[in-house]
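Two complexes are shown next, each including chain A; its partner changes from chain B in the first to chain C in the second.
== the complex of A and B ==
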């Protein structure tokens, strides 16, 4: 991989995209076989994998919305990474189709005969029904895609025109975007993950999923930066200072995630109402208890201790390991949200878990990489670019 | 050059702006001065590096106290609710650590914050009601428009004549000797 240091355009691309595409297609093909052998397992694995990559794409959208809204300076040099991540959202809309096809395998509120014998589901039927579920999903994706593409288009326009008044437009777009993002991501988490157990409810659930989502995208961005540095690309542009700031945000969101996770658990534990605690009971029985402990320690305690010092936040090897680890535990977290729906007591890891992950992931990475390398790797039209390059932590 | 002193506290040199102060700070360090300080109306980026200041040890104090508070409070709450005066509350075990997390968390934060505040005062040797630099009427400008370098006489490199001329060569617009009495 080589980049022209003046225009920040890629002159010689690496094989990341092609390798991603090949792995993705192989993974999806194998997942197709998985569908034929065990469709229930396939749809649950697929939902985890789909949501894993969707949360990264949404994290990219949130990062860009936040950046444009506050007109952050330090993050200008990594903005293009976040922007390219969010442009994968149209692709993720395509990947949502199998979830709709598997709606009867995944969500038992979608069966009319189940609802007929279930008083609670009858009361919820106005919201939890197949038609409205799909309409909502279309609305969420429409909102995300419109904002993602609008912000991306304006940003590219600024590359060409160097017109700094576009910054104001970006801010005007991202302010309502932020509000809509909060609502849509919350309800998307309710619809696709929480309604797997339709009797159970938690108002903080959307924020919990969002916090994991932002953590995942930060890890993803750090990995992209580290990959660039590994290839000796833009080492003077995206420096250790930017990695330090990304690591600070990661550290903060490790705590935020734990705060949300604990807040959700705490109230239910205290109130001790069976209809609420049953969700945690399923996740504290048999093998699931081990997975819960992995999440508590792996998603909070270990990254918290590792990232607490300044030296760790500025160490590339530490950041590499912790980013890969955080992406892994983010997957475990989603697995823990979805799979108890299928296996009540024992954890059955399946090969389909892996193939769906690398299947969607490979295509995701290919699409992201193609978008990212087709434009200047930093927003060259942004008047704050030099300030961002020169940025140092006090 | 005014010399209003019997015992000399040090030398105060004025510079004309943040950029020249930054440059002067670097030259002072390179010249080997150790007991000097820079004074400006606002924080100047890069000053720590120019002066070669080490990172404050405050974080380690806060970390130690915070961890002690965490462990201490966990033990304390265990002792009160499970050992000394065990009570069954809403059918939960004596040591229901979940209920104690917010308290332990808050105490950890509280002790850390107090340590940070007090530690900042102690490390900065505050409160300090008088400082010999206040002897200079010029120094009043430091709160709005003055940029100063002060060198203490206790610096091993300090020499009444040479230090003054050195400060003048690195761009000081005005240099004065400061006495250490009120």
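== the complex of A and C ==
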């Protein structure tokens, strides 16, 4: 990989995109076989994989919205990575289609005969029905895609025109975008994850999923930065200082995620109402207990301890390991949210879990990388760019 | 590249924090002259007399309360928690702005916070003092309040560690201690300034004692900055934990409308929201009376309004989630509670809450409103009223509990109202004393963010 240091354009691209695409196609093809052999397993694994990559894309959208809204300066050099991540959202809309096809395998409430014998589900039928579910999904994606593409387009426009008034426009777009993002991402989490157990409910659930999503995108961004450094490009532009700040945010959101997770668990544990605790009971029985412990320690305790020092936040090897680890535990977290729906007592890891992950992931990475490397790697029209490059932590 | 760097100021306008190019000297002068003034302004005396009278009323009413018992309040069955808990949560919430400004905004490198952090921190301490009064007197037998503390005793009796009320005692106690330390550490360099400028021997000795021998040497500053960073790090989780614990007073119960998982972050957002509103109310008045408009600039006020817009919207989000999930739960009692809130006997309080907390801050979407001092002043007062009513609405869910036969309408007595107003009097008494005797703006910190403080100030931008 080669980058022109003046224009920040990629002159010689690495093969990461193509490799991603090949792996992705192979993964998807194998997942297709998985569908034929065990459709229930396939749809559950697929939902986890789909949501894993969707949360990264949404995290990218959130990062961009936040950056544009508050006009942060330190993160200008990272903005293009986040912007390119969010442009994958149209692709994720295509990947949502199999979830719709598997709706009867995934969601009990979609069966008329189940609802007919379930008083509580009858009350929810106005919200939890197939038509409205799909309409909502279309609305969510429409909103996400519109904002993502609009912000991306404006940002590219600034590369060419160097017109700093675009910053004001970006801010104007991102303010309502933030509100719509909060609502759509919350209801998406309710629809796709929470309604897997349609009797169970939690007001914090949307924020819980969001906190994991932002953590995932921070890890993903750190990995992109480290990959560039590995290829000896952009080292003078995205420096250890930016990594340090990304790591601080990661550290903060490790705690924030735990705060959300703990608030939900703790209040349910304390009140001890069966209709709420049953959800945790499923996740504390049999093998699921081990997974729960992996999440408590892996998603909170370990990264918390590792990232606490300044030296760790500025060490590239530590950041590499912890980012990969956080992405892994993010997947475990989603797996833990979805799969107890299928296996009540025992954890059955399936090869389809892997193929769906790398299938969607490969195509995701290819698409992201193509977008990212097709434009200058930093927003060259941004008047704060030099400030961002020169940024140091004191 | 250098020309590009110079242009940055045009778009990222936050570069110039204080217009009019103040010097170190002018900052010291405009802040120090307030506690140094020989004559106390008449307005101060008027406000202080009123506040002191109200605080006196508080003391008298608490005395009567101890004599007579909490039966003098409007509390009854089923509303066993009346105004006392509402006031407690309201005051603790108000305190949060000080901590978020001094800790979180510090970690987020928001340099504009320097002009308001000192008195926001002072406000935190006074608000927590007011807050602590309410649970202490609500226990009924305040003389055995020390039983909340776990200590070995011959009866082998321990407080219930699973009680959120005990956690409150720890959380708020820790919060008070840390906030006080943070505030005091921040004060040291400024107290030294006042010591050095003092012309009166008594003042010199007193400021001298409290400035702990500060000389402003290089090593002292290094230790100071490190201590400040560490305290900011310690205080940051406190911003979140204290009001989360307060929220568990409600949320761990199985009272409909109280037991909902979003309560901890929702309470924290509400706390920051109301705290900023209080800082706004106070700073609009203080900057005017003490001619500090060039330090507490309109830009600072505008940013505080933006924080209110964000946190107010978070609170709105939480209301929406509660309402939606109440419907979605399919739980009749939960649904009833929320419909009852909006259309029941306390609907008036509910709609005050919605209009003040959700609608009013939406004004700040418009630059015209968020830069208008009359608008923000009125809005900040409305928000504080709204946030009081939020807690009132939550507590009044008790009036319609599981047993319709015990349903009742809660009305406060004169003692409920008197003690609440008295606590406001106490708050302002302390706050006015602070304004009179302490530097109300963190001079050393403001100076630290002036362009002159940059070691490269005055050098030509190098090519």
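Everything below uses one rule, namely that the second predicted complex is superposed on the first by the 394 of 394 C-alpha atoms of A that agree within 3 Å, B and C clash if a C-alpha of one lies under 4 Å from a C-alpha of the other, contacts with A are read in each partner's own complex, and residues count from 1 in each chain.
In the analysis below, contacts are C-beta pairs under 8 Å (C-beta built on N, C-alpha and C of every residue); 3 or more make two chains touch, one makes a residue touch a chain.
As the structure is a prediction and not an experimental result, all values here were calculated from the model.
In the three-chain model built by superposing on chain A, chain B clashes with chain C.
By the document's definition of touching, neither partner reaches A:87: not chain B, not chain C.
Once chain A of one complex is fitted onto chain A of the other, the partner contacts of A:255 are limited to chain C, with no touch recorded for chain B.
Looking at the shared chain after the overlay, A:392 reaches chain B, while chain C stays out of its contact range.
Once the two complexes are overlaid on the shared chain, A:55 sits clear of chain B and of chain C alike. Using the contact criterion defined above for the overlaid structures, shared-chain residue A:373 touches neither chain B nor chain C, since it reaches no partner. After overlaying the two complexes on the shared chain, residue contacts for A:73 are found with chain C alone; chain B is out of touch. Touching more residues of chain A than its counterpart among chain B and chain C is C. Across the options 6-14, 42-50 or 150-158, chain B meets chain C in a clash only at 42-50, per the superposition defined above. Chain A uses residues 266, 270 to touch chain B in one structure and chain C in the other. Of all the residues in chain B, the ones that touch chain A in their complex are 45-46, 48, 55, 59, 63, 90-92, 98-99, 101-102. Contacts from chain C toward chain A in the complex involve residues 1, 4-5, 7-8, 10-12, 162, 237, 240, 244, 248, 251-254, 259-265, 313, 317-318, 320-322, 325, 328-331, 365.
For chain A in complex with chain B, the touching residues are 262, 265-266, 269-270, 272, 308, 310, 392, 394. Put simply, chain A touches chain C in their complex at residues 71, 73, 119-121, 123-124, 127, 164, 167, 175, 179, 182-183, 186, 190, 199, 201-207, 255, 259-260, 263-264, 266-268, 270-271, 273, 275, 383-387, 390.
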